[in-house]
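Listed next: structures, encoded as structure tokens.
In the two complexes below, chain A is the common chain; its partner is chain B in one and chain C in the other.
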Partner chain A sequence: MSETDVMQKVVTILTPYAKNPEALAQVALSTHILEDLKVNSARLVDVVLAFEDEFGIEIADDDVDAVNTVGDAVRLISAKLS
Partner chain B sequence: MDEPLSPAEVLAAMPHREPFLFIDEILEVDDDHIVAAYRFRAGADFYRGHFPGNPITPGVLLIEAMAQAGVVAQGIYLLGRAGAAEQGPLLMLFTQAAVEFTGVVRPGQRVIIHGRKLVFRHRMLRSQVEMQLESGDAVCHATLSGMGIRQ
Partner chain C sequence: MPARRGGRASGENSAANNAANNAENSAENSAENNGENSARNSAKNNTMIGNDVVDLGDAECLPGACHPRFDARVFCPSELALLSGSTEPDRTRWVLWAAKESAYKAARRLDPRTVFSPPRFVVELHGYDSATVTAGGRYFSVDLVATCDYVHAVAYTGGASAAHSCIAVARLSVNARGQGPDRPSAAARKIALETLTRVLRVAPAELTICCDGRDRRIPALCLGANRGLTALSLSHHGRFVAFACALPS
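Showing the complex of A and B:
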């Protein structure tokens, strides 16, 4: 799966949790999931569970701590898939 | 793995106190479930207004009682098991609810709350929680979530 495909799926998963539609419309690898998209931090585990289901991977809790931007998520997922 | 907390230790570790502690006793607790009991005080002031001549326990307090048992107390147990307390105190906060009411609780009635863990990841706990009267009549059920927050 290409990084572009991963990015599209990541954005699709983030969409229902994003409370800032303007930031979502201009989403990029550098977009911050909490600060820019305004995803509630209490919902991050739901996002991670959705990543795991969608991509068939397991993401350790320590890895979650290192994910701040959309690009962090895309790179983490791509590394797990490779 | 740390020694598991006893039900009494979990109750003592609750951050809530009277008049906003809605657990009298924890009857059972383990990694997957919790059973707690609370008697809504017949003399509680809010019954005067909710409703005059027809006192019914407010639904928000039923949700609070379910969250205290199914999220906060269960979370204290799980975080204690995970040894998370060694990294500094954590406050388990109630963050999310999907709830359905099927009955009412009158002043002085005792309720039994059953919580079952659905997900416990990254300090986030989600539980399926049910409240019944002592008669076994169902009062409400909910899916509730909470997070352990560093203080």
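Showing the complex of A and C:
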């Protein structure tokens, strides 16, 4: 799966949890999930679980802690898929 | 739900009234406070502090809103047993979550590299209004307020009770909630500054909210020239904003 495909799926998963529609409309790899999209910390758990379901991977909490931006998520997922 | 321990800051009511005219008042202690914002000011000093507020009426907190594996991911076996035995599992879920999140915020002040792995922050509830959280050999005492509308947790390191601190929860007006994604953050900061200005009896210009210095996501209260920083924790969710600040001696 290409990083572009991963990115599209990541954004689709993030969409219902993002409270900043303006940031979501301009989402990029550099977009910060908590600070820009305003996903709250409890919902970030749901997002990670949805990533696991969608991509068939497991993501440890230590990995989650290193995910700040959409790009971080895309790279983490892509690495686990490769 | 019993009232939270600790006394009150004098003149606390004006904080919410003045906070951009957008903060309504906390439900907490409303009978004593005519429904206005509460601020609690207690007696010891503990610099590591964290707080978290959860709006129980927010759609995200309603039954069935979480991923089916949320509980298994977040809670350790003892907490899962608490949930399964609870007559109010949805409320208990967010009490446990708020305790974990507040302890994490306090832990991050000690070490900004602290990883938020929720099951590693193990909560033990003591009745309705307090808990202890252990994580990585650290111990946090947590004061809890759970109303029908919200849960608010304040975690302190070390000390057995709430520190020399100022704490408030306020309800955002509908207008404030509708004025953009940054509005709740701004309201939390404004309430904190207005309340602390009054409690510390200083001019507004003397207080600013800045970064801790080690991590830009960790806020601190700057006390003006040559007076240094003190720990400040800000939180918002849904209709509510909150803060907790370790008061300088």
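The rule we apply is simple: the second predicted complex is superposed on the first by the 82 of 82 C-alpha atoms of A that agree within 3 Å, B and C clash if a C-alpha of one lies under 4 Å from a C-alpha of the other, contacts with A are read in each partner's own complex, and residues count from 1 in each chain.
Note that a residue touches a chain if its C-beta (ideal position, glycine included) is under 8 Å from a C-beta of that chain, and two chains touch if they have at least 3 such contacts.
Source: prediction; values computed, not measured.
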Chain B versus chain C as contact partner of A:D61, first or second or both or neither: both
Touched partner set for A:A50, first chain B, second chain C, both or neither: second
Which of chain B and chain C A:A42 touches, first, second, both or neither: both
Greater residue coverage of chain A in the superposed arrangement, chain B or chain C: C
Touching partner for A:T15 - first (chain B), second (chain C), both, neither: neither
Partner chain(s) touched by A:S30 [first = chain B, second = chain C, both, neither]: neither
Contacts on chain A seen with chain B and repeated with chain C across the two complexes: 40-43, 45, 48-49, 61, 64
List of chain C residues in touch with chain A within their complex: 54, 60, 66-67, 69-70, 73-74, 97, 101, 115-120, 181, 217, 237
Interface residues, chain A side, partner chain C - complex: 19-20, 22-23, 35, 38, 40-43, 45-46, 48-50, 61-62, 64-65
Residues of chain B touching chain A in the complex: 95-96, 119, 121-122, 124, 145, 147
Residue ranges of chain A touching chain B (in the complex, touch as defined): 40-45, 48-49, 61, 64
